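Heads up, there are several structures right after this.
What follows is chain A paired twice: with chain B in the first complex and chain C in the second.
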Partner chain A sequence: MAANAVADQRIVENLASRLRRRQVVGSRASALETLLVIRQVVAKSRFSNFEQLVDIIRAVGRKLVEAQPKEHSVGNTVRKILHHLREEYNNATREVVPPLAGSFSIAKFVLQGQPRKQHTLVKAENKLHLKGDDPNDPDSFAKTLKPVLMEAIQDAFDELETVYDNVAKNARDHIHSDEIILTIGASRTVETFLKTASHYRKYTVIVAETAPSFGGRDLAASLSSAGISTFLLPDSSIYALMSRVNKVILGAHAILANGGMFATSGSMLVASAARVHSTPVVVCAGQYKLTPLWNLYHEYSQLDFGDPAKVLGFEEGDLVEKVDVVNPYYDYVPPDLIDAYLTNDGDHPPSSIYRLLKEMYDDEDTKL
Partner chain B sequence: MTSTPFDVCSAYEHILEDENISTPLASILALVELMENSAAGTMFELVKELKDGAEALKRQSSNSISLSAGTELFIEFVTLFPHDASSFLELKSELIRQGHNYVTEALSYRQKIADLAFDFIKDGSIILTHSYSRVVMQTLLWAHKRKRISVFVTEARPRGLGIKTAEKLTAAGIPSTVILDSAVAYTMNMVDLVLVGSEAVVESGGLVNAVGSNQIAIIAKAMNKPFYALAESYKFHRLFPLSQYDLPTHNSQLLSFSLPQGRTHRNSTASRARPGSNPPVAGIRPSDPAEDRKITQEQIARNNPDVDYTRPDLISLVFSDVGSLTPEGVSQYLVGMFAG
Partner chain C sequence: MAPKADKEKLINDEDDVLQAVILADSFNKRFKPLTTNKPRCLLKVANAPLLDWTLESLALAGVQEIFVVCRSHSDLIKEAIAESRWSRPGSGIRIVPIMLARESFSPGDAMRDIYTRGLVTSDFVLVMGDLVSNIRIDEVVKEHKERRKTNKDAIMTMVVKESGGRHRTKSKGDSAVFVLNSETSECLHYEPVTGYPATKNVSIPREILAEHAELDIRNDLIDCSIDICSVEVPSLFQDNFDYLDLRRDFVRGVLTSDLLMKNIYCYIAKEGYAARVKDTRSYESVSKDILSRWTFPLVPDNNYPGSTSYEHIRGNKYIAKDSSVTLGRTSKVGNNTLIGPSTNISEDVHITSSVIGQDCIIGAGSVIVDSYLFDGVVVGPECVIEKSIIGERVVIKDSCHIPRGCLVGDDVVVGPEAQLEPFDRLSKRRGEDDDDEEDSDVEELEASQPTSIARLGDESNAVLWPKTPPDDEGEDEDDVENFRNLRFMRIGDTCSDLEESEDESDSEAEEDSSDEEGSVPSGALSNVLDDSSAMNLANADARAEGEFQREVHASLERAFAEGHSVDNAAVELKTLRMASNVSLSRVREAVVASIVEKIRIVDDPAGQMKEIASVIGRWGGLIDQIGGVDAVESLSALQMHCASSERMPLFGKILGTFYNEDIVDEDDIQKWHLLPASRGVGMAAGPEADNVKKCWAIGKAMLASLAAQDSEDESGEEDDEEED
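Let's look at the complex of A and B:
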């Protein structure tokens, strides 16, 4: 079956249209759905060598990304799986580490550093006997590789399942007693983070209500019911209260290679206000939000727009005719306004995000 | 072997005549030639000869920074090269082959960098660049193929290489204007991004480049404009300057206050005490007081640096053939090569 035909399957088509219609929103939900689709596609599809498999996954990824290019976690998930697959495949097929002398060159020296580092032999204990393009049994390749693939996909699943707790596991190191924390939006990651910290510390949270979605109200209610002292704040008063705040904790929609991020609208306002008072800004986010994209011209067109009815409803019929109403979902926050990213894979400054990306994904997948 | 002894410096000069070969590559090629002409019988002797050759190159050059980046890379590679050669001669010819291969490969790096930088140039951008740089030229010409760009280029005194850039750009049909080095701040508000080449990128992630780059970076930072450095990876240099005066190119003659010859000490202290007066420059006959106060361009150039150092916090990104890096990322590669 050709890769493109696979991508046209019902299940892929289904998720693509749900993404397009915004029935699946949020970076984690999209990542999970993407994983489910890829798992099913891989389970069903036939391939007789590794390239075919990669082509299939890429085609599916391309289709989903095109359906909703601003839901970056879809593409990230696909890239991550491809990276895992290549790793597993290389581990399984590598006979011995190729002799160095022939393959070593100055360019490699610059790229990879001193040669002895490459000497670490990969122990392939449970080596699979892979044989691609077997004319007698075209399915043999898939049969041997599939369990490994499923394992790789399952790993990615597990990571997503536990992401909130893993981000929050060091929460008490970041929040101290009697601190005043400010946040905006309704990020599940931040919510778990704050609640985890409240097991160890007594502190106060100020939540900006985040118009026009008012996610902040839900977050405030949830934190308050968990026994955390919580204030709800109109967005317009963020600057006024910033002088009293010890730390700003934000959620992210997508983290970009330059260390900047897309986050719920209002985040830029909070981060700028924090900068004036030199208040530290930390961002809690799962690794799947890291996006290999250098956002340079974060213009209007780069943003994603929501339903304008929340800003100006149709009951204001007279006005609706006369004004353009926009309701952008996200702000772009530049890296110099962010002090640290707390992820499920440790804490990082914005300047080292690009390096994490290099380790997480393969360069060839940046464009799916 | 020829009867005349091999001279690494003249070989280097000869290689540099090729317009496409930059100084670090030329120094690598010069060392490869030295190796071809070497009579060394052991690895130890060979490395010593290479080091002496590198030292000789460094001595004859007025600006040794990018040259040393090349020689140090090559010598480090030679010492660490893992081999299974059975004889020394075999190893030597393999190393020579590697050297030539690298230079051939490295010539494609500028295009790689141009490709990377391409995405960062928006259609309709106004770009500021400094002096003349081959990699910047290639990037601008590449961008011109698909996007509308206009370029401001600084004159870059004392060598005035900015004019060469402007001429080449105009010939290629890119609108460009030469601006005075002193007009950078005036211009910066109109600029979308700054693109400069490099002599070397040092371990801190800072940039060593034609003098004036530092002030452009400071002004760009003050006006919140991105400042991008383009550097081939052979320009990564293991150096950690903390200030301008830590660069190996700095010497006591640069920016020195010179006293007019024949003046008595009393006079000169009096003139120095007067605020706002320009200190007269040495080398002028004291007989004619009017001549005494004349300062020539040559004198100014002699007293001024060729290159300056730009701190990493002023640089937005370094584009290199190994990828687009934040300035901190450069040290990762240097540590990989030179510290184990």
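Let's look at the complex of A and C:
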């Protein structure tokens, strides 16, 4: 099949093996690399109708997701692009469909499927004359459509580029003066968020060390150099200090459809402690982390277990033999421990994440 | 952006391609009988061929061209490479299998072959075909190249991994002591360590201790056998035909050579994992390390080099993802276990810390602990398998017991009710029809054994391999491959008996450790030398020295006869000293003796005088050139030699000539004269002691005359001694 041949291309293979070997890590980096690869694939590939194009992109996506199923932003990016492409294609071809009778109703939710934003009215002069499967000129379809597609990909690209700033743009509404904020891990999104807030407010941040990766140390150093009053806290003291904390701000690795999330290990500890003290827990994340999967938290391996070397030194010969060490990268934090998600597309409670997902991705792409 | 740049790089700097050489052959028989029908590098570790782990380890480091050097079963390796995912387009790696001649028996031969074929064009990575690693080798290569820019003589960087004194992955039978420069981590000295005979002492050349203010002497390093080599390394092998092993011969050879002046560095990997599957014991430990994720990201559920994908379940259990595995309702799968696809596990089976291959069937009620079952193994009900490796398609019938350390070769049938003994090795008896070329060992075995052995069960088709070492051939105990040392490399062997009996064991091992040098008992090795072995040591020393004296004599004879320059003769002596590892004073004695013997005895006194002067004038310089000047010692050597030689009457004259030739000065004679040993104190009475005393008297006379001269006349003293 042509789509599979495309998926075997060198650039795809290259990214797949780098993802597999963990040479590309981090959700944003993976999302960006995925976008670049898809842009190249679309630019190069030949297709004579829309279905072929979708097949090609899905094949590439499947390959990348198989290579690293734990980096959800890869699959999300592919789904997002497919959604964008369909939208553009529909805009370009379809007659203006009158909005479905009646407005969106939760009662008809399942029947209606996609609650698409139907308000995009297409202007007549913008309409392209698309004719698929033209035997005389098989490339004509691709030629006409490609600029539109590129634009769609560029949109996704821009969104990723500006994601930190967009998440942080409302920072001052969430952090008030003289508040004490607690965070854990080394999330770039959280870092930008806190720094932006510091332009308007004077507040204090407590950063947990986040063993065994100790990303918290880097974050604390960075915040402190930006002039924010910062404390570095051993993980063991999180509960003890929680009573003094006004708000917990976390980063996320992936946000699941049920409103829960995977986040750096230790997040569960923080969220549980916050629950006991009724401290609000707020998660900062880009929308590319929204993952249309429901039951992932049942899968033990989704926590992504790294090597034990950071917990137990390899040189401890006697212990290595007798002790099994598990070193998960992530914690699953259930939705009931989270109060709100701050994304680059507004703030949402965990209970409405499913709705967001329906809007962002097409149902048929949930399984690539 | 990034992928594009990569691609351009591929096209542009073609000469910057990172090359690697995999020595895929083991050059030993530690895995027999598992390796009867296939090479070691195709044995499966955690259900993926070892070679694939090695290739992935290299791919991780960005190697672009790999030469796989294979010897036995090379056609199988070739096939495996062609079928692997590395040969698919888009993998970005070029793999070239290289066939070695069957008569190459060591890594050294392989290196010479690499040289003659001219395969490598720049710095390359040399690994063994049994490596499992996630170390960023490309960073080591970078460091190596950086160093090469300033120091052209840094020909090699060895990657070693810190492991602590005791570690399951560090082999007891075959490790090493590294002496490193603390600052530059240059490897200054390398001393192999064996488990049997137990290495108790390591001798470090005095020069190293003298030249370096700070040294690291370490025995806690796992030698990963990842070497970043410069192009000249294969050519060094070509020049030295006696280099067999990469470490024992090559590294030691380069480090001890006075002529090569090359440096070898170590890279101590703090992060990452690297280990070799070089024997059955390390097979077990590497398998366990993989299952407990030390090799991350190279683990069964992520970046797995094999073809199946595995699901990771709590407790480091891995089960094939395609849901083809059938687990009995009451079966128990313990921690650190891997179960291959299409495997059927019946009721009440207990499996812990084991690897089960593809298409295996485990009968009800069986217990499998710490064992490794290859593909297609059928285990009957009520069997017990402990700490063993079971080959492909083996059938183990009902109620068998396979205790620790057993190796069962491919296609063997055992049982029913077989009761193997620990460390049994079985292979399939070959039928009459298929008598194609095979190991001669197997044939011999079959001839020597009755057709059925009771403990293997009635329906068995197996032959039992001998357990004791073949006594007929006088086994070289110093060899790493000696039977007792190999026990340290066996799966399941605690070797407790060997460690206990260490003291009474003969001390051939200590042969090379001489007391005169900077000899350091390395704490991690074992307890300090006790008295009995110290005595043995002396005996061994005496033997080694006698041999050395003869060698020195022979080489000087040659020098005298062929008229070498003093410098060349000195270099030759130095090499000899390094090779036989004796102290400097022994060399001095030997040289003095040879020179004295060189003097012909002439009747006429004037002629004799001339003869002495010419010999000492020509060769006297050698005494000071063998490394370090110690005139007093030279004098003692001269005295002792003359005392036992027929050249006794010449002692006075030789002493005079030494003085004239500036080999010794008055102070030295004075000091020598004051030594109690020079007076013959502590010597058994006899002609020799008398001679010693006579020599002492002559020296005394000479001192007296020198003193007289000094006080009387400052000049013109020459004639005075000539009459002496």
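Simple rule for what comes next: the second predicted complex is superposed on the first by the 335 of 368 C-alpha atoms of A that agree within 3 Å, B and C clash if a C-alpha of one lies under 4 Å from a C-alpha of the other, contacts with A are read in each partner's own complex, and residues count from 1 in each chain.
Assume contacts are C-beta pairs under 8 Å (C-beta built on N, C-alpha and C of every residue); 3 or more make two chains touch, one makes a residue touch a chain.
What you see is a predicted model, and the numbers here were worked out from it, not measured in a lab.
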item: Partner chain(s) touched by A:Pro308 [first = chain B, second = chain C, both, neither]; value: second
item: First (chain B), second (chain C), both or neither touched by A:Tyr354; value: first
item: First (chain B), second (chain C), both or neither touched by A:Glu179; value: neither
item: First (chain B), second (chain C), both or neither touched by A:Asp324; value: second
item: First, second, both or neither for A:Glu316, with chain B first and chain C second; value: second
item: Partner chain in contact with A:Asp339 - chain B first, chain C second, else both or neither; value: neither
item: Per-residue touch tally on chain A - higher for chain B or for chain C; value: C
item: First (chain B), second (chain C), both or neither touched by A:Trp294; value: first
item: First, second, both or neither for A:Asp362, with chain B first and chain C second; value: neither
item: Residues of chain A contacting chain B in one complex and chain C in the other; value: none
item: Sites on chain B touched by chain A in the complex; value: 73-74, 76-77, 80-85, 94, 98-99, 101-102, 105-106, 119-120, 122, 226, 233-234, 236, 317, 322-326, 328-329, 332-333, 335-337, 340
item: Partner chain A, residues of chain C touching it in the complex; value: 1-4, 6-7, 59-60, 88-92, 161-168, 170, 220, 271, 273, 292-297, 301-303, 311-316, 335-336
item: Complex contacts: residues of chain A adjacent to chain B; value: 99-101, 104-107, 109-117, 257-259, 294, 296-297, 351-352, 354-355, 358, 363
item: Chain C partner contacts - residues on chain A that touch it in the complex; value: 8-15, 17, 20-22, 33, 36-37, 40, 68, 70, 300-301, 305-309, 313-318, 320-321, 324-327
